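Encoded as structure tokens, the structure appears first; notes follow it.
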């Protein structure tokens, strides 16, 4: 019996001794907190995620352990993993709120920018192929490659959505699959936060000063309320016909947007944007963070994921710029190729980066609203790509 | 393999070709949206319901399909159907908010009006019998008849509650039962929205001009805080003793009201009325809408349901008016028989209709508070009827 | 068939006749409502709890009955018992909100007060031993004793958490265990509300007038934002290493506090404190109340629980005072021993009691902030004790 | 089956009227006793007159001063209104506000 | 497997472009019909008078200034409209207010 | 069983004191290092300039008056900060406001 008591006091220390990687994760959690709190980078997600990492790596992992037979329910965070992540509920509810927060009028008033949002998806596929090329070293298959690629979409909930689905898919088919939900999510949010550091040098390298000084006049015509109401409905139908698997992401995003724009359900829209969003973000962040116990996260693969994620961001930026330049060759109405870089999503960070660079190159050149077009189009593009991945991958690995 | 890709691109079109009824449902969804948004009729429910209809009818039905074996969770909307509708959670949580939003003092200060709320329940039973009479044509049984009848209660969540229960009851007993949850809910909300069109001609037909001009003085005495606090408690106990099956609906409604009136849990009451209500309404609306895939909704039965629902509304209105006239025969304190029409519920629309008609017939005759009595009593009456149905139906079909 | 109808009308009365204890519970529910509403004692919890008691004791118990085979889902309140209490979700989410509501700076600026919060835990163990001593009379085992003891922690959600766990533990191991979740929760909240009556005479008895007049100067140094941010992180790690089983309670509490203090996720913190908290409190209160049907609550054991709970509160108060006096013997910086009484938790009631007594004994002696130290430390102490109980009890009863 | 429906309707309407008549009687009783208010719950009403008597203590000003000065700039002001009643737990965050009331 | 990836990428990018081109066409159609507005839904627009100046993209800077100034002061104006629309059920609590509106 | 209880109590109280003593030591260390602040996280503090005067206990009465007056009128001021931090996603809706800040 006395051994029990001694065990009681030392079981925590013993667990740390046996699983030193968990203690290392505390440092990583601390670093993410520092990044989120002191540096104020994506704090709304990084604070919950980082604390989730900490909680998942405490001795004995009380918050992430499965239900024991002895009247102990499953850990608090495991509950949300199983009932929030694996069911897609949390990412989709975030999408609901994002839809209610997003103003699509830049896309409606200048639909050409949709193409720039499409171009940026090249980043997803370059990273996907890159991941497959590293297969011999890191044992990445198509499932992992899809999850890593989608980081290039620069869209947190979509990344979480796809990575969860790919993990589940592998598990259910008995195909070996690494658990990289947490790593891809952290990579996505980190690079989204770092967009102001990542993009400017790339933009400068791939554009001439003259190009960066191209002035774009304000759009000629304002978007009618009717167009704003019809847009989410049409968008849902068109994308769902062409890529049915994208319909959950696109449909819920657009439902949120319809609530915003229709003007008669203000109280629903407000709750979707605020209280519901906040509740979901707290739980989603903790749940995602808790997918990263030390033995899952501390692998060479994780470094590869971060490198590939950066490649994806860079490629997406380049693709957007190059298409913009291409469009300038064929169209007489010149666009500033910098706005192509905003196609990576990372809403609205990437658009702000463009705006600031434009101001420096030529004070008074207001590109923000022009950059919001590809910026938001990138969200739609990435949701479409997610649907494509969900359609193709099961057939290819089956 | 290449076939796969071609499939990918065309599977949406093929699905539409195979299920053209789904595309017709888009039009119906669009009509409901127009009704909710442009006409501002019951938008808080009709906007989510209509978008739910749309989402449930997109190609391949991603949002309403059951969990595949391959790592795909069940569809987002099916999840809420199973965990929100079938468990009664969502309708009851709406009742919680409604209780917190309702001021019962018109009933407390003039309890006679409770009888008018009872009379209007005749509409429920007339529609119920009518549905059974149509059995040879539409194959409606007692389960469907109960669901259709309750439309006459003019109370959205109660309708959803009863229709879900009846469907589950039939499925669990192996009795054939049609899935009419969506149709009855849409009928109920639609007619509630149309009360200002439906009721005035009926009221005019069944009352004389002299009756419509009866002036009712304001209630003599205001309701004490104590009475308002005791009312929900007493109401819960009395109704639950007499009709135990009504206790979930009545109990939760009255708990919401106690939070409102007790004055010491303002923060809980406010959340129940606003944020919690909004979250529940968004999800409930989507879930109800998603019970209407084309093959379920596009039947002749649906037309019958709408016709019978209208009959129920009309009969309820008539019954309320006639009882009011009857009460005038025996009581010396005359009441304006128009307030009997408010007994159908459709809070507060029906009471407003009465007020406006009263103003037209005799400017200055303020009937609103008098009409709120039967109006709210109708809610209690319909919840009681729901309990009666839940008590009797299983015994009769077993 | 006609019997059915007669049954329908009388089944409620018959049920009351067969289960008269349920009707007695209405009176108890009424008393709790009176206590919460008219006396304004802990209304946020007692109003939902008392209505939960009422709902659980209505005829036929519709709201707490398990799912019948016949298409009836489980009762609304049973659903929340099973999915909210047994899973620990609701108590932990309350802890999240409490963390976001709590300012730990009194503890940080004067960490010595942590010891007073530890001393007060003596109350838990005295009540625990007392409960075991009453085993021959009331058939209380170690499981019940732990649940009763934790009442002395004066911390509602922790009490609910431990009592639920102990019940589940007993059920899963096939050890006989009484269902005392409701009784302990009501005892805890009642005595927390009664702290202003319970503590002053004890404080007077165990201190001299001179001691009560000891003036404590305001803390020398303010707590930096950095310290406030680091405190929850450090606290989580330290306690989780020493008592891993305490990590859910402490970890979630501290996550809430980090959201509060970090300053960059204001919207999450606000939602955790307000809307999320309110939703959880409504449901938690109802669920806890509904664990008290008459046959569970109306036992002599319940009286014993209330007596033992009072003993626990009294002992906790005494222990805090005595340790404070002891500290005065060894330290030259004198503390007013009254603040030891605040170590029982019951935040912030106990601290207020001390402040008021100090004002009466010596006007101008501001003890509030000094008393908040042990007050909050008592929360941490009780969470730690909860962890100890969870660690030891399974081994001892297995 | 139509007969079942008729039976149900008859019984149903009868029960609904019975329930609401019972309720009518109970409310009338309630109103009857409410007109001659007993001393028992009267305090509900008096206490709820904006909680006037809540602050029964001398020297509150200084206390409030201390606490408010420290807390008022923090963004949780709304909590002070939301926490009506005297809950321990939920008012934990108000520790500094120290709204003096008859504790 | 890398070949799979290449195939996927090719098809994937093609599909994404196809989808967004379709969307482009649809929006252009939408905008085309929007310029000659039918009478049907026009009332929607008139009711939203508050948003009128919302997309007047000339004078943006001024607009931003104005909106910022307004948004900072009354960040929850939307709450006042919370009960927009004319829902029966959800406005039940407002029965006493009796805001006279076109029922 | 009572013996079990005694054991548990002894060990339990010992563990609780041990935990809180550990915590005491840690906080003392924290406070010790906090007095000589490293440059590392100092910016956290500078950014929170708004809270600087939080505990300036002189002039409290005036502070109360001011703050109370403010809090009563605008009980939901905190909502204006709801979007503090610089999250991409959650500030997406504010795209038009374009509050110029250090991106």
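So that you can tell them apart, the chains are marked A, B, C, D, E and F in the order they are listed, and the count of residues begins at 1 in each.
Basically, a contact is a pair of C-beta atoms (placed from the backbone, for glycine too) under 8 Å apart; a residue touches a chain by one contact, two chains touch by 3 or more.
All values derive from a computational prediction rather than experimental measurement.
Number of steps on the shortest path from chain B to chain D, with steps defined by chain touch: 1. Ranking every chain by how far its Cα centroid lies from the centroid of chain C, the top place goes to E.
Of all chains, the one whose Cα centroid sits at the greatest distance from that of chain F is B. In this structure, the chain pairs A-B and A-F differ in their number of contacting C-beta pairs, and the larger number is found at A-B. The pair from C-D, A-F or A-E that reproduces the interface of B-D, where over half of the contact pairs by residue number are the same, turns out to be A-E.
Centre to centre, using the average C-alpha position, chain B and chain C are separated by 40 Å.
As a whole-number value, the distance joining the C-alpha centres of chain B and chain E reads 29 Å. Centroids of chain C and chain E (each the mean of its C-alpha atoms) stand 47 Å apart. Annotation for chain A: residues 5, 8-9, 37, 40, 43-44, 229, 242-243, 263-265, 267, 270, 274-275, 281, 369, 388, 392 touch two or more other chains. Contact with two or more other chains is made by residues 11, 15, 18, 41, 44, 82, 85, 90 of chain E. The touching residues of chain A, counted against chain B in their complex, run 86-89, 92, 96, 165, 167-173, 229, 233, 236-237, 240-245, 247-248, 251-252, 255, 258-259, 262-265, 267-268, 270-272, 275-276, 388, 391-392, 394-395. Across the complex, chain B is touched by residues 4-5, 8-9, 11-13, 15-16, 26, 30, 33, 36-37, 40, 43-44, 47-48, 51, 54-55, 58-60, 62-63, 69-76, 79, 274-275, 278-279, 281-282, 286 of chain C. By the touch criterion stated above, chain A contacts chain F in their complex at residues 1, 5, 8-9, 34, 37-38, 40-45, 94, 98, 100-103, 156-157, 192-193, 195-196, 273-274, 277, 281, 346-349, 351-353, 355-356, 368-369, 372.
Interface residues of chain C, counted against chain F in their complex, comprise 107-108, 111-112, 114-115, 117-118, 121-122, 124-126, 128-129, 131-133, 135, 141-142, 145, 218, 221-222, 224-227, 229-231, 234-235, 238-239, 242-243, 263-267, 270, 377, 380-381, 384-385, 388-389, 392-393, 396.
Residue ranges of chain D in contact with chain B, taken from their complex: 1-2, 4-6, 8-9, 11-13, 15-24, 26-28, 30-31, 34-35, 37, 41-42, 44-45, 48, 81-85, 90.
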